[in-house]
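Working notes, beginning with the structure itself.
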């Protein structure tokens, strides 16, 4: 399964996303993803050192600034 | 709804945008967006730690330097 | 008006450009722009904290390293 | 052998990947790779200074934020 | 004249290039440029604070990591 | 000779590559290169301040994170 297909298979589940920049880790329900790995997350929270920092709700992430995506079990 | 469609649905509303670089968070009315997530914002203000830093007016943002986009409720 | 069209509409006027890297803000007359938002500026000056640091003259800026573009009124 | 073909030849083997951002080095079994060098790793661990920091399991890495890929012997 | 055409017009002349990363400013004779603004420079020197740091000779620069290009008069 | 052709002409020779991120300078024998300047190096060593830090062997480098490439004479 190609990497982008793997991410598509996570739609409807919660994922953790590590971004470039000052944002640490975002966790939310994956609503949609495109070929550039742009993501639309719902019920998103920002996490640092294992603690919830901010509740962000509905968020669109630019794919090229994503470091990695991990399914939350 | 794909991530870019989600952003298009925000046209005419206010959005918050987290950018790479020294700029912190920009909030403005979304005037237009293209497939690269380049954005044109109106009445833009820069925000840091919840406070308005600068009023920037009409601003064009380069899509690949956008970390995330959040609709302002 | 799409973001790139908005930038094209600024040709012949002065613009401020925030770049990635150590360069802070560049202000110059917009001579040309292409689809990647590569810019050619004339009479360019570098600005930090509201003061002119360096006079750079004719400068070509790589689009993907541009954070934002603001028309100077 | 082109660089992307070289990476494809590592499928099924363990690789070390150096990423941009705060993540240091990721080591996992290469499950799949596409033309952009997006990677899907299994049994992934994060490594810093030669020590295992975190166990991450199944991880998708965005290709443009990969610095380098090394096969683990 | 489009930005990339402007850079092509500098072939055979000396240019200064500001790069991302730890390299500060590179100055060399522009031998060639392509559509991505990848550059091949000859007799290249690295400059910091107006002083020559290193002599690098023939250097290929990756276009997307170029901040700006200035013709040397 | 275009920049990418210049790099192709270095195949079979040793090159130094300056990367973004925490890696400093990599030196290795250029095995292959593609249009994105993705590189496959053999017998690669990491160099900092003129000293060999690590021996990395066979390494694939992502083109967009390359700052510059220099032939080793």
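Descriptive notes on the structure:
Each chain gets a letter, A, B, C, D, E and F, in the order it is written, and its residues are counted from 1.
By our rule, a residue touches a chain if its C-beta (ideal position, glycine included) is under 8 Å from a C-beta of that chain, and two chains touch if they have at least 3 such contacts.
Not measured: the values here are computed from a predicted model.
Fewest steps needed to get from subunit A to subunit E, stepping only to touching chains, is 3. Taking the definition of touch as given, a chain qualifies here only if it contacts subunit B and subunit E alike; those chains are C. Across the assembly, the mean Cα position most removed from that of subunit A is the one of E. Distance between subunit B and subunit F, defined via averaged C-alpha coordinates, is recorded as 37 Å.
Taking the mean of the C-alpha atoms as each chain's centre, subunit D and subunit F sit 19 Å apart. A straight line joining the Cα centres of subunit C and subunit F is 32 Å long.
Among all residues of subunit C, those that touch two or more other chains are 19-20, 64-65. The touch graph of these protein chains is a ring, one cycle where each chain has exactly two neighbours. The ring of chains, read from subunit D with the first step to subunit F, runs D, F, E, C, B, A. Those residues of subunit B lying in contact with subunit C across their complex are 19-23, 26, 31-34, 38-40, 56-62, 64-65. Those residues of subunit F lying in contact with subunit E across their complex are 1-4, 6-7, 18-20, 24, 37, 63-71, 73.
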